[in-house]
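The same chain A turns up in both complexes below, where it pairs with chain B and then with chain C.
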Partner chain A sequence: MSEAMAQVLSFGVSGVSGFPVQVEVFSTGGIPGMEIIGLPDASVRESRERVNAAILNSGREMPPRRITINLAPADTRKEGPSFDLPIAVGLLAANGQIQLRQGLNLSRTVLFGELGLDGRIQPVNGALAIVISASECGLTDVILPAGNALEVACVQGMNIYPVHHLREVMDHLEGTSPIPPQAQMSYEELQRRRMPAVDLSQVKGQQGARRALEVAAAGGHNMLMIGSPGSGKTMLARCLPGILPPLSFQESLETTRIFSIAGKLEPGSGLMVERPFCAPHHSASVASLIGGGANARPGEVSLAHNGVLFLDELPEFNRAALESLRQPLEDGVVTVTRVRHQAQYQSSFMLIAGMNPCPCGYYGSRQRECRCSPQEIRRYLDQVSGPLLDRIDIQVEVDSVPMEEIRSAEPAESSATVAGRVAAAREIQRNRYRGTGIYCNAQMDNAGIRTWCELSPEAETMLDTAFRRMNLSMRAYHRVIKVARTIADLAGSPRIGMMEIAEAIQYRELDHKYWG
Partner chain B sequence: MKQTYEIGRKGEEIAEAYLTEQKGMRCLERRHREKAGEIDLIMEEGETLVFVEVKARFSARPGEGLQAVNFAKQKRIGKAATVYLMKHDWLRRDIRFDVVEINQDQILHIPNAFQPGGMMF
Partner chain C sequence: MNRNQKISLAWLSSAGIPADTLQHLLAEEPDPEQLLARFRREGERPFREEIPQSALRLLTNHAEKGMLETWGRMIDRFDINAVTCTEDPYPSRLRGMPEAPAILFYQGTLSALDQPTVSMVGSRNASTKGTEACRKIAEELSRNGIAVISGLAYGIDAAAHQGCLKGKSPTIAVLGCGLDQEYPADHAGLRRQIIERGGLVLSEYTPGEKPLGWHFPWRNRIISGLGDCLAVMEARIRSGSMTTVQHALNQGKDIFVYPGEPGSLRSEGNHQLLREGAIYFTCAADLMEDMNWLDKTAEVEQNTVLRAEDRPDASPAEKQVLLALDRGELSFDQLCEKLNMNAALLSATLSMMQISGLIRALPGKRYEKIQG
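On to the complex of A and B.
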């Protein structure tokens, strides 16, 4: 045996999608050694040692041969340990250590996984992105780590072969004990396991804030809660994922894909059924919110895609970080550009913000006297810019609940009841926007407002008066109409009347009271 | 100085005898010297060309001689081997690098002990 060559198909990850990588292994006589080429990063180059040990620990030989491993296309950077498995299989084939079973086409089978020194196969990040991209390339067979199996179990029309050990892969490829493809799982099955973290019934009192939260959920509007410390802002926010409609299959694929790439998916978990709730600390930087780092990783806005981004203590956030939210809030997508990588991530999230009305926290509270000077309050509030506030449709005050109300035995409405009303309102919106590419009122553009938001004459007069009195921006004007549309949808009424407009305007009042 | 040389010399003799008699190898060269470095033994096992580095120690724990074949030494042997191979036009033959450690009366033979190849060779 003097010269031999093997080719194995694998996938790399860039942004949220995978790209095919041909792992070519060339084995020849000469001074023995192994070289990996094709722009591998450190973790790929280290794979040489893992592969070596894994092969020996799987009972096969590594003959002294001169070996060149090329990862094609050679002009794209390859990173991560997911090439361990295809490299190992390529080596075994090129060195004649395995006899592939008849009819097996390695160039149509996608292989990826990290190898342990003992030959065990470890899960990798981005498995869902790889499988979706493979399916888009018309490939159907994927051999992947068992730890990634559940994550991709819902992708249609694929033959997924989960493996635990390199030996299993060899037996499968040689045909001595083929692995059966795993059964496809329906998304509904996963959804049945869903359970909300915090239930609204645990929130006592707060009628105004509860209603605002319901409206926000029904129309996908952003919301700001202003209130003294301990008044329940965080708790209300945590209830939101539980009253939002369940993630649709498509939404779940999008969100899980981002989590998978960021390595934030719980090990052994399947597609996400719960909407994400991201609550970054207020020391967060622009890069951590928007995405960044050498490899243009997704940030919090993308991790919160199809879910909730909760920013507690809004004025404490870095000004630049807050301002960077304006673009994704508007477009629902961010493009992260770094020296080596450029990636586009979806970032359609609901922004829920919480803040104190002043540095001491008790301005306007029934509970305690505020001891801040007007200048201090001014400076504190000014940390939140006008343009950002402009994008927050619903603003409510949350005050501490009096003792009597907390004690009252009367149980508050549960998340399930509220979720029912929200789902009904969303259903109306889905039917209205069918075929337009938008799903909820908050995503409606100005043309949409003219088409779908018919105001009664009295409502129109009222809005005009308020517009002049409050000196609203054009954007705020449109946003008031959108919120009114949601309120009308919750009531099941096709036209927007005075009541709806009045409530929607009231959600804009705080803007005036505090920042006016 | 003289003594170290003698130990080395003796070790190589023992190693050659061991490899030919016990492992059925054929000796091509002893103490082959190139400008790039020296190779203790060049053997043939079937079709495979084997470059052998012999480490003789008469008071060490087993394995210590092996450790003496460090990265720099491997590179040096690799370079010398390359020159030798080029002279014979043998660059595409099956090649192996072994280490034989001799410690008093114990002989430790490690086939395929290191792989000096890479983009340099």
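On to the complex of A and C.
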């Protein structure tokens, strides 16, 4: 045997989608050695050593030959260790170390996975993106690390062969002991296992804030909580994913795909059934929020896609970082552009922000005395820019509950009960906005407000009086109506009455108290 | 007093000459314009004995035309008046006071001081309760024909002026900087109102003088000096308010102290003063009784507590809330629990009551009834 050639199909990841990569292995006589070409990055180039050891440890040989491995298309950068497995299989085939079983077409089977030196196969990032892209290319057979199997179990019409060791792959390809394809799992089954991380019944007291959270969830409104340290802002925010409507299959695919690319998926976990909750620290940079890095990774706004982005200590965030949130809040999508990469990530999330009422945190607290001067308080609040506040419909103060009240309070409503009411309100909204491209009240623009928000005459008079008496700003006007629309939806009433407007006015704390 | 005289007074006050020296000078020559003319004509000679060298140098420098014109422009632009201790309109309460300023600059009218006066002092960083109480008491005093004096600072000072403006009496602000300075800038509107409503803004500092830190405790002696008595609303142990109390004691004024919250740092000074024998007061009537002012007005006009039954037009939910708030402020959660009302209904009810002026929202999601 002097010259031999083998071809194996694999996939690389760019942005949220995969792209096919042909792994070509050419083996010839000459000075022994191995070269990988086709713009490999360091981790791909190192696969040479892993593959070598894995093959030897799987009981096969590496004859001393001159080997060239090409990853086509040759003009796209390849990164990550997921090409280990296809390279190993290509080598074995080119060197005549395996006899492919009859009827097996390696160019129609997608292979990817990282190899350990002992031949074990490790899970990789972006498996879901690869499988979805493969399915879009009309491919059906995928051999992938067992650690990635659950994450792709819900993709329809695919034969998934999960593998643990290189030897299993060889046996499967040779036909000595074929692996049965993994049973497909229905998304509904996954969802039944769902358990909210924090249940609302664990939140004691906080009647006002609970109600505000329910309204926010029902209308998809962004929310700002103002309260002293320890008043339970974070706890309340954590409850939000549990009272939002469950993730639909499509939403789950989108979110899991982003998590998979970012390598944030729990090992061995399947599709995400819980809405994501991202709480970046206030030292977060623009790149970490929006996405970036040399290879344009998704940022927190995309990880929070279809879920909740919680920014605690809002005024402490870097000004530029906060300003960068405006575009994803508006468009629900971010485009991350770097020299070598450009990627578009979905980022439609609910923003929940928390902040102290003043620098020391105890302005208006019953627990401790505030030591801040009025100027200090104003300077602190001014850290949050008007344009960002403009995108937050609900602002609510969180009362700090004294210890004795926490103990005495009777059991509170559970997340499931609240989620039921929220789902009903969302259903009303879905029917109302059918065919308009929006699906919840928060997305309504001013024209929409005129069309869908009919105010009763008393409500109108009251809104006007309220604006005069309580010094509300004009930007608050439309927000109050939008929130009132949601409150009416929660009550199941088609028209916005006086009580709805009155309640909605309570959710503009900053307008008429701190911001003078 | 004509423009040139005012300019001459600005010149005279700008050199840091001690008040008693200035008094001697003005007693010999009451017309400041003549003093300036003489200084220019004869040089330093007529002044030499009394005035320190450094001040003489400043007088020489400031006597040049450009400087005098700057003062002239400030006086025109900000409508600044001046009065010296040798003149009749000079506030009688300051006569004979130790370290009384010889020259005062003012905006508004000096006749604002022609009635009983109370100086109200307290922290810039005051509690909501303290500022509210101050506003209320100042208003009651004002309704009963008593003028309120304070320092135009944030917190208690501002509340005292605002409360007084709600009544019928004028209010007087004593500044720690030249009258051309807008300090604090946020109170430009309040200051305009004080003057429009027949009040007085005065300062011993030459126009153009910056609001330097040490000016303020020093001008406090004028605040206490102009009042018939001193009312302390909220004072920490080490604070400007406590220096005002020192000045007032030296001037032989009565000290009235509002009881603050026990244990609160903000009113530690109040409690110390009360222990040392200051007069306890919680309302305008207390103060007026002790000052023997009650005979001057037939009846003390007081704010009355609004009771739930006085509001027949209130809805059942609103009446419940009013009743619950009778004994003082409550937070949203406390109301929720007390009335067993759901959060949505309570929110709506509270909004309506805020709009109709029955209650007021306090920071920390607490609510209180509006008095009167």
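Rule of thumb we're sticking to: the second predicted complex is superposed on the first by the 472 of 516 C-alpha atoms of A that agree within 3 Å, B and C clash if a C-alpha of one lies under 4 Å from a C-alpha of the other, contacts with A are read in each partner's own complex, and residues count from 1 in each chain.
Here, a residue touches a chain if its C-beta (ideal position, glycine included) is under 8 Å from a C-beta of that chain, and two chains touch if they have at least 3 such contacts.
Just so we're clear, the structure is a prediction, and the values are computed from it rather than from any experiment.
Peer 1: Given the alignment on chain A, is it a clash or a fit between chain B and chain C?
Peer 2: Partners fit side by side after overlay.
Peer 1: Tell me which partner A:E503 touches in the superposition: chain B (first), chain C (second), both or neither.
Peer 2: second
Peer 1: Classify the contacts of A:I487 with the two partner chains as first (chain B alone), second (chain C alone), both, or neither.
Peer 2: The second partner, chain C, only.
Peer 1: Check whether A:G33 is in contact with chain B, with chain C, with both or with neither, and answer first, second, both or neither.
Peer 2: The answer is first: A:G33 touches chain B but not chain C.
Peer 1: Report for A:P64: first if it touches chain B alone, second if chain C alone, otherwise both or neither.
Peer 2: Once the two structures are laid over each other on A, A:P64 reaches chain B alone.
Peer 1: Once chain A of both complexes is superposed, is A:R192 in touch with chain B (first), chain C (second), both, or neither?
Peer 2: Neither partner.
Peer 1: With both complexes overlaid on chain A, does A:Y363 touch chain B (first), chain C (second), both or neither?
Peer 2: Second partner only, chain C.
Peer 1: Who touches more of chain A, chain B or chain C?
Peer 2: C
Peer 1: Closest pair of CA atoms, one in chain B and one in chain C, after superposing: how far apart in Å?
Peer 2: 72
Peer 1: Of all the chain A residues, which ones make contact with chain B and with chain C?
Peer 2: The answer is that chain A has no such residue.
Peer 1: Which stretch or stretches of chain A touch chain C in the complex?
Peer 2: Interface residues on the chain A side: 205-208, 210-211, 228, 357, 363-366, 369, 371-375, 397-401, 405, 409, 462, 465-466, 469-470, 487, 498-503, 505-506, 509, 512-514.
Peer 1: Any idea which chain C residues touch chain A in the complex?
Peer 2: Touch residues, chain C against chain A: 124-125, 127-128, 154-155, 264-266, 331-333, 336-337, 342-352, 354-355, 357, 361-366.
Peer 1: Which part of chain A faces chain B closely enough to touch in the complex?
Peer 2: 2-3, 28-35, 63-66
Peer 1: Mind listing the chain B positions that touch chain A in their complex?
Peer 2: So the residues of chain B touching chain A come out as 78, 81-82, 85, 91-97, 112, 115-119, 121.
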